[in-house]
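Working notes, beginning with the structure itself.
A, B, C, D, E, F, G and H are the chain letters, set down in written order, and residue numbers restart from 1 in every chain.
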Amino acid sequence: MSAQAPGPLDSGAILDLSRRERLGMVEAVWGEHKSTDQIVAIVQELLNASETVLVTRVDRAKAEAVLSQLPAGALHYQVESRCLHSPLQDPDPSTGRVAVLTGGSSDLAVAAEAHLALGCHGIACTLQLDVGVAGLHRLLERLDALRSARVLIACAGMEGALPTVLAGLVPQPVIAVPVSVGYGVSAGGVAALQGMLASCAPGLTVVNIDNGYGAAMAALRILRS
Amino acid sequence: MSAQAPGPLDSGAILDLSRRERLGMVEAVWGEHKSTDQIVAIVQELLNASETVLVTRVDRAKAEAVLSQLPAGALHYQVESRCLHSPLQDPDPSTGRVAVLTGGSSDLAVAAEAHLALGCHGIACTLQLDVGVAGLHRLLERLDALRSARVLIACAGMEGALPTVLAGLVPQPVIAVPVSVGYGVSAGGVAALQGMLASCAPGLTVVNIDNGYGAAMAALRILRS
Amino acid sequence: MSAQAPGPLDSGAILDLSRRERLGMVEAVWGEHKSTDQIVAIVQELLNASETVLVTRVDRAKAEAVLSQLPAGALHYQVESRCLHSPLQDPDPSTGRVAVLTGGSSDLAVAAEAHLALGCHGIACTLQLDVGVAGLHRLLERLDALRSARVLIACAGMEGALPTVLAGLVPQPVIAVPVSVGYGVSAGGVAALQGMLASCAPGLTVVNIDNGYGAAMAALRILRS
Amino acid sequence: MSAQAPGPLDSGAILDLSRRERLGMVEAVWGEHKSTDQIVAIVQELLNASETVLVTRVDRAKAEAVLSQLPAGALHYQVESRCLHSPLQDPDPSTGRVAVLTGGSSDLAVAAEAHLALGCHGIACTLQLDVGVAGLHRLLERLDALRSARVLIACAGMEGALPTVLAGLVPQPVIAVPVSVGYGVSAGGVAALQGMLASCAPGLTVVNIDNGYGAAMAALRILRS
Amino acid sequence: MSAQAPGPLDSGAILDLSRRERLGMVEAVWGEHKSTDQIVAIVQELLNASETVLVTRVDRAKAEAVLSQLPAGALHYQVESRCLHSPLQDPDPSTGRVAVLTGGSSDLAVAAEAHLALGCHGIACTLQLDVGVAGLHRLLERLDALRSARVLIACAGMEGALPTVLAGLVPQPVIAVPVSVGYGVSAGGVAALQGMLASCAPGLTVVNIDNGYGAAMAALRILRS
Amino acid sequence: MSAQAPGPLDSGAILDLSRRERLGMVEAVWGEHKSTDQIVAIVQELLNASETVLVTRVDRAKAEAVLSQLPAGALHYQVESRCLHSPLQDPDPSTGRVAVLTGGSSDLAVAAEAHLALGCHGIACTLQLDVGVAGLHRLLERLDALRSARVLIACAGMEGALPTVLAGLVPQPVIAVPVSVGYGVSAGGVAALQGMLASCAPGLTVVNIDNGYGAAMAALRILRS
Amino acid sequence: MSAQAPGPLDSGAILDLSRRERLGMVEAVWGEHKSTDQIVAIVQELLNASETVLVTRVDRAKAEAVLSQLPAGALHYQVESRCLHSPLQDPDPSTGRVAVLTGGSSDLAVAAEAHLALGCHGIACTLQLDVGVAGLHRLLERLDALRSARVLIACAGMEGALPTVLAGLVPQPVIAVPVSVGYGVSAGGVAALQGMLASCAPGLTVVNIDNGYGAAMAALRILRS
Amino acid sequence: MSAQAPGPLDSGAILDLSRRERLGMVEAVWGEHKSTDQIVAIVQELLNASETVLVTRVDRAKAEAVLSQLPAGALHYQVESRCLHSPLQDPDPSTGRVAVLTGGSSDLAVAAEAHLALGCHGIACTLQLDVGVAGLHRLLERLDALRSARVLIACAGMEGALPTVLAGLVPQPVIAVPVSVGYGVSAGGVAALQGMLASCAPGLTVVNIDNGYGAAMAALRILRS
């Protein structure tokens, strides 16, 4: 897109529609800083191209405004993950399963974003909430259930120790997602991020704070490798 | 808890109901990022299990909404500490007494949270407000009164020097709580936190910024040791 | 280990010898802050237990001092990765191959650590040096060669853009390793780390600065998943 | 201006009306922290002095309030750049052309501010949106079109790799503008800023986060040098 | 002490000899930045006052230089803790026992400083090394042995998760000591410090990085409360 | 003040009413985090003690609410400095004069707070706005006028270079006040603060960001020294 | 380059020899972290390709070791800039002239690196040392001499105000180079960097701390635009 | 000074010899990063101009090398302050007296630098060492002696609380100097700096970490105001 000054600017987005072919991923739309009109325009372009739609970080009011401008049933809104998405199909169990864990119930939004992003790519996924290390028995009791997953995504705020403890117990890939839950030194998720990067457990990898979608795409890369 | 994608997620919390048995503490509910409905659901589960309830960081409007959905008298709301809590019983004087001090009146909310959390565990506690080091005589005049406490909790924002001066004057355990009061370099409480950790007074310990509940639980561990 | 005060302390390490069984990984020894005597003692314990040995971050002088106290041929020293290691066996090509890339020649030590750690676990691995994004043609010319690797490890200092560009081009798992090369804002590797975490490419994961060993173990988890 | 205490203070601004003569630039008014009344007063003083007006960082509501207090047509409001500005004249093609690029559509506001500020000084300028490095083909396809510009301004948030890749491909001056788009470690634009400063591409220069106006003035200095 | 300019300055230290009476603690001398002559002068003043001597952070060469200038047997040097100290007496078991734990063997120096500082005050103390959370079984196997200690001091570098896991398992006071061991984001101990402050375990308290002496004095305050 | 748990807490402030006698300063009330009721209560206590009142950081709505609960004329509100204050008396010229300077018009609130706080102590004071270093002639033209002031207070945001340039030109005490005006790296005033502390001009002193009151009290200490 | 594990690694650098054609710049070799042997190998490869050689950040001892392994006269060493370089040819005055300024004499090494890098590309360049803003007259006296330069490079440590003052006085492109000279908050050059980015002077651009070479390449891009 | 590329650079400093006339201060030479030859050259230029010489941050070996190249008695070296200086004259008591205080004996070097810099300007000065707030009685006992000083300079590392407590007790100007003594969060002096800026005591001003010379010049400005 190019524009001559002065006058109104054409601010239409250029979508990376070859991403599915190149990387096997749908291009998620980051909805946080976009207006209703911008989201509607991008969604319609994606629907016209027969792409799966995933719009992240959309609050309920904006989601309803977007849905009211689209054909009924074109998209759904999932409140836990704050995402708009195309109708999901049954996951394909042959690719393998992902387990998403959280330290506390305040980590749910991030975990749900990862869970939904995997669902949009046909990946089977389970959620294990509230297995934080301050009550270690809750994690130890679920270890056997976790062994059937090919990839583990562990979301935690505060000190973020859950993925470290987990990666010391099981041999699968563990993707750590710091969550911006907390106050004081843990506000914004930096303490959790640093703890995950500094982990004494071998082979833990980390994504950006609150990046549930990114963790899901990393799991997708692994499942298809 | 586990869930299959897609569809609505079951976001119910899993409470650590063995905490009282294991650690002798009630599990406080951090109310800041939870909705009224989430708090009501958790409180009812705790009441059903006959647990003492303490919900921290609840503003007045949310507190009233929660109370309106519970049986009358089930919980009280204390505005200074912004906490919902079960009716308190008389403290047990045999365990020993805690004194909570503040540098200025802006530190009250944090001090009151510590004070109430101790009350929920039956610990006797006094508050000493406005004894900051810029008017040193206010602290020196209260030293004798402080000697009868087994543990001291000192809350301060700005440069956070109160616990340092205090720990140089008395031999008891002193728990320092930085408070997120201030502006410029003291905004968010980091200057106070660092000053407390860097203290030249021997044997001072520190908790996270604004963590009145944590300081109370540390005092509880000491009183029962 | 326990000791009564006063007197000399028994500072022997307790090795996690069940790690191979639990996680399928050898326990690497971090040699940087350990004395020659400490390393020799740990190595001998590992050799006695018939474990594969990998000691990271050992400079040449310390390596020679260690080797002089061990039986000839028990360990080798690789100068590029600064590692002491057991004799390597031929890699097993059936597990899949890993490619390790670097932005510049100053990233070699970190890449070589990853490369050797994979060799210690029998994984086939290739190195692609000097494919940084300031001369983009060097990376684009190697894309076809990279497609046969199951996992990519991309090491970069300065602004750390290599893994971002790479993960936008290929669908495999990409593990980003920030390198502490640079000066000013890039000194210590934090700029590269933050750039990798903030990446606009989907599904990139990151390990700690200079953590070549950790990236290798993450690749190992993926290959075996 | 000087004032005696006590009493109401005269808070009128002292404009640097010799700036055009000294530096060849109009003095942009930073509208973010100014009230409608303050902006109107300054604008009127500039109009009286026959100066070109450019007021940056004005939201739509404040812009409309300002416009309603000025003669019709005295200023225009451009919503993409959030700027109030004097009517623009046709650019003078003999000075040379500037190209402004963005990594993603969320960088539009900053790019549009640069674009408009150049227009206010009679400089021809094109916009190239959505050429971020996660879909590298979009940038490579536009390289030929960029070669006719004398100066390139590259705006990017997240990891901010666009100007690095660009400056490795073309010989012109490249001015990098970090954008405060992102979350976690990229929130506020610091990760992009550091990546641009740490760039492995030679001769890249950087301005403050979101400083589209500053980048435009740097380009103006270059075009006139 | 006061001095008139100009001329040589009298730089003699003023010892706080009333500290034992006021706080029940010996005044440790921080030896890191002091010369041999300064340490000898201070030690002799303390010996003349019949005070117990504890000089921390003294490397072996400086320690030997100090010892050579003192009467034989006046002080001992413990290499693990890098401390010079008065001969120790048998601990008094009636005050209660402290257990000092470390995550890894690189944390030994800090743990040994705490252990020795307690010994200088007649407190019985045990050391439990290498119980880090990446091999969780090592900690779980020692839980019963830890129950007899009145206070626990947990030293850890890297992500610093050990005290968090510990404080979720046992009801005693837990004092967390971050250790400046690690590299990248854990270099200097800040990641461990922040993780300990942000801990999801209730009632954990924290001291400055590497402050083994401070943790010991905090334990002493608790034991005597 | 002391209180027994449970029950409503007495959160009344303890004013440092001996401050005037000890330090010769009125105790300013920091109004930002206090409710209307809290401010009214404190003001009434001060009025009863015949103290001069100065309440800082009060927005217009809160100020009007406070004034409506006080006797007419008891306090005034100055909108530029956002302060409530007792009626001012004529300054006493014999103590000497202070000049308050600002780099730009966005620094006015901080400068006005300093100006008013001096007025509350009877100090004569002038304001010099918009003398920032990007248009150096504005400062150079005012140098002669500044020579009659005994103390200079220089308020600046952005890069904060004004006090450095000023202190290189004149011999009087210069107190630098960083202002939290700016965006990107200057947001919050930290860049200005660091520039003022790092100044190459000899004998510049600095106060906290936005601390106009503090700068005034420092000037007061100097004038009375 | 690719290598099979295990065995010695081929760590030869891959030079970007097309850089001169693509960007018109020689590829400077960053000598700081490279051994004598590595530098000699790279230099010989460059000499074989008839490239101009510039090796930055080489201390005198390493420089002499390198020179002793090369043919006499192949390279020169300039001690002020700590650079090894090919013999220089006379600058071409038609391209325009650059002026490099420094705030203090401690900024010389960075300024000399910029000066030499321009000389390696045939650009005429002058140095103006010690024109820092604490003695403003030194800069004002040189303004006329600066007007003949097409580009200005201003190097400064401490608070870094020199380029801000300069860019407010002259209309040419000003490239600011923060210098890692100072102590306390200015140690490492971050205060200078932030001050330059936050500058109130319009159109200033900035490069990384100590990046004299980068500033020279930015000037080169401008001169050829 | 100007130089043509290529060839050896003239790196002679340009001294600000009008500083004494303009500001009434000698220009101190910062010796830390200068070679012996550079210091000798600058000192000789100052001696030729009959200026008082003060060279700060010179270790003993460098000082002796400098002195050996100067006429006997031209300069003295004071080891506590690490300064070379001209012979001092008797202070002039009529200007007023300064008291320099330190929290601990590790702050001596900074306090001695301030003390000597005042001596070089003929100001009477006393030192009060080891009056840190962990043993508060030491400060309280000296309050009366401090009342005769017109200005107080308080140097402290660790948490830096000394100037805060002092400024709450006495009405004179208090200049706070953070000292880079400590470890963990207090390493480098940043915790002390932030605590001093965040101080709850009114009218405290602060200089850069370790800047004893700057504090002395600030005191000099006050004494002459």
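One rule holds for everything that comes next: contacts are C-beta pairs under 8 Å (C-beta built on N, C-alpha and C of every residue); 3 or more make two chains touch, one makes a residue touch a chain.
Since this is a predicted model, take the numbers as computed values, not measurements.
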Touching chain D and also chain H, the following chains: F, G
Selected from A-B, F-G or A-C, interface repeating C-D by over half of its contact pairs: F-G
Length of the line joining the C-alpha centres of chain A and chain G, rounded to whole Å: 44
Averaged-CA centre spacing for the pair chain G and chain E, given as whole angstrom: 48
Inter-chain centre distance, chain B versus chain F - centres from mean C-alpha coordinates, in Å: 34
Multi-partner residues of chain D (each touching 2 or more other chains): 104, 134-135, 168-169, 184-186, 190, 193, 197-199, 202, 208-209
Pairs of chains, among all present, that meet the touch criterion: A-B, A-C, A-D, A-E, B-E, B-F, B-H, C-D, C-E, C-G, D-F, D-G, E-H, F-G, F-H, G-H
Chain B to chain A touching residues, read off their complex: 1-6, 8-9, 11-16, 18-19, 30, 32-34, 38, 178, 180, 188-190, 193, 208-211
Chain G residues within the chain F interface of the complex: 103-104, 132-136, 158-161, 164-165, 167-169, 182, 184-186, 190-192, 194-202
Residue ranges of chain C touching chain A (in the complex, touch as defined): 22-25, 28, 96, 150-151, 168-175, 193, 197-199, 202-209, 213-214, 216-222, 224-225
Residue ranges of chain B in contact with chain F within the complex: 78-81, 88, 91, 104-106, 108, 112, 115-116, 118-119, 124-131, 134-135, 137-138, 145, 181, 183-187
